[in-house]
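The data blocks that follow each hold one structure.
Two complexes follow with chain A in common, the first pairing it with chain B and the second with chain C.
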Partner chain A sequence: MTDKNLNQIEDQLKRALSRQEAPRDFADQVLARVAEQHASRTAPRNPWWRIFTQPLVRWAAITATAASLVIGGIHYRNVRIERAKGEAAKQQLMLALRIAGSKLQLARARVNEINATQTNQSRREEE
Partner chain B sequence: MTRTVRNAITVLLLALPALLRAQDMNLPPDVEKLSAKAKETVEVKMDGPMLRWASKFLSAEDPDEQKAAKLITNLKGIYVHSFEFDKEGAYSAAEVEALRAQFQAPVWSRVVGVRSQHDGDNVDVFFKLEDDKMAGIVIISAEAKELTLVSIVGPIEVEQLADMGGEFGIPKLNTKAISKAATKSMAKAEKAGTK
Partner chain C sequence: MAERVLLDHPPDTGTAFADAFARLVRRHQSMVFSIALHFLADRSAAEELAQDVFLQLHANLPNLKSEEHVTFWLRKVTAHRCIDFKRRRTLPQVSLEEVAEPGALTSNGDPFLTRKLRQMIASLPEKPRLIMILRYQEDLGPEEIAETLSMPVGTVKSHLQRSLALLREKVSRTIGEVTL
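Then we have the complex of A and B:
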């Protein structure tokens, strides 16, 4: 390879690698494309909640939520009332059984007293 | 003929209230008025379904409530009327006798009849036997300042029932306090139900 050829190649390389100014809107174009790609990746085009933007659906959802809250509240209240009535009935039952039991005990005690008195009397008579 | 049928219907209609409350003892009207004179009145009327329902709330951990659950398994009803007075002589012997007269042989057998001249405590215990099996018990306790009528319909273990009353006739718990608590909680439940 001659010196002439080498110089030519060197010139071509210099030309090819010489600094060139980017177009003025290059940076804006790059940033715009990045933003576009990011947006398309993060936000789906039709999010599920967008359904609530329709007034009918929105009102139906509000009504359903309010109805379930009311029904739940009524059910909870009924359960509490039922429980309170059951507890009261249980207390009445226990009271009835205790009164009945205590009166039976009283009868038993009286019978025992009479038996004891009679036994003592007959012993005395025997003596 | 028509007159006979009409008479029969009239008799049936007149007897209906008595038939409907056949499980409870028929309190003479004068005795029912006693609650007005009484310082403290306890009335418990529980039929079979009510007993079953109340038994659902009995705790399996409380020994007394365990006993109670066992006792009431096959019962058809528990009826208690208890009146406590400030003074002696609030009720007459005739009223008590009218009550006792309801429980006659052969259906009823009086197993205990105590008459105490000393302190005026009279206790009667009647058993109802059906096919040699216990079918009911009635206790009429007429004390100087207290009149108690208990009717239990259905098979019951008398010893176990007596156990529920505590030792030597002393109730395990203050029945007045329980009665007040029971009335209070029933009233509370009813109030909540009406709100």
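Then we have the complex of A and C:
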């Protein structure tokens, strides 16, 4: 490549790659996007609890909480009653078993006594 | 001085800042838009990319120390965004004949040769294309291009030589030795 040719192609490249004008409203569009970004960054965000400022939602939440407390309380009371009944039944069963045990001991002692009397009688008769 | 207002204050602080930023955009918009336009050969894509660059500039102004730093930063970010944009969009590979004329461009000299050269530059690989744009649009030397693109000076020089030789050969093949 001769120097002349090189210079010519470099000159042509400079012309072909010369700076071009941006669209007329380019800067305005950039500024609009900057403002848009800024607005979205600084816009107050609604915290989740702000939903309770609506009357309907507030009353629904209060009702739901109250219903949960009542249902929970009733359930707890029922569980306690059932548990108390179970304890009473257990105590009664234990008492019944103790009584039955003592009655059996009495009966065995009586049987032993009768056996001993009969044995003595039969020995005397043999003598 | 507009730059002082911009560089001394954080972004989003009043009208003075907005006016100074607008002036800064107008001063550099041609450079940023042209790099993107010559690289992408797509006017609307170039406009979108250039706007993104200035949005990024707005957010980064507190880190920039001088007008020269702003210019260097804009060239660097535009170059990197061009490559990212091309890879993300995976624009279809173009042949010399298919390359769209980058807008209603005006230039002196042979309009046919100018159009052919733009098409040829648009068909170069990404890095050599950027190097050619920074060399002939921005009139940067190999050292400045190397700094802007974060690559060795030797690589820049060899890309320049190879691209020039390739373009000369293509031009010769297309329009003959008569023109050059």
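We take it that the second predicted complex is superposed on the first by the 75 of 127 C-alpha atoms of A that agree within 3 Å, B and C clash if a C-alpha of one lies under 4 Å from a C-alpha of the other, contacts with A are read in each partner's own complex, and residues count from 1 in each chain.
Everything below uses one rule, namely that a residue touches a chain if its C-beta (ideal position, glycine included) is under 8 Å from a C-beta of that chain, and two chains touch if they have at least 3 such contacts.
Owing to the predicted nature of the structure, the values given are computational and were not obtained by experimental measurement.
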Between chain B and chain C, whom does A:I99 touch in the aligned arrangement: first, second, both, or neither?
first
Kindly classify A:A89 by the partners it touches after superposition: chain B alone (first), chain C alone (second), both, or neither?
first
Could you say whether A:A107 touches chain B, chain C, both of them, or neither, answering first, second, both or neither?
first
Of the partners chain B and chain C, which touch A:E21 in the superposed model: first, second, both, neither?
second
In the superposed arrangement, which partner chain does A:R50 touch: chain B (first), chain C (second), both, or neither?
neither
Just to be sure I read the superposition right, which of the two partners does A:H75 touch: chain B = first, chain C = second, or both, or neither?
neither
With the two complexes superposed on chain A, say which partner A:R58 touches: chain B (first), chain C (second), both, or neither.
neither
Which positions of chain A touch chain C when the two form their complex?
1, 5-6, 8-23, 26-27, 29-31, 33-34, 37-38
In the complex with chain A, residue positions of chain C that touch it:
12, 18, 21-22, 25-26, 29-34, 37-38, 47, 50-51, 54-55, 58, 102-103, 105, 107-110, 113-115, 117-118, 121, 132-133, 136-137, 139, 164-165, 167-168, 171, 180
Residue ranges of chain A in contact with chain B within the complex
77, 80-81, 83-111, 114
Enumerate the contact residues on chain B facing chain A in the complex.
42, 44, 46, 50-51, 53-58, 64-65, 68, 71-72, 78-80, 82, 112, 114, 116, 121, 123, 125, 137, 139, 141, 148, 150, 152, 158, 161-173, 175, 178-179, 181-182, 185-186, 188-190, 192-193
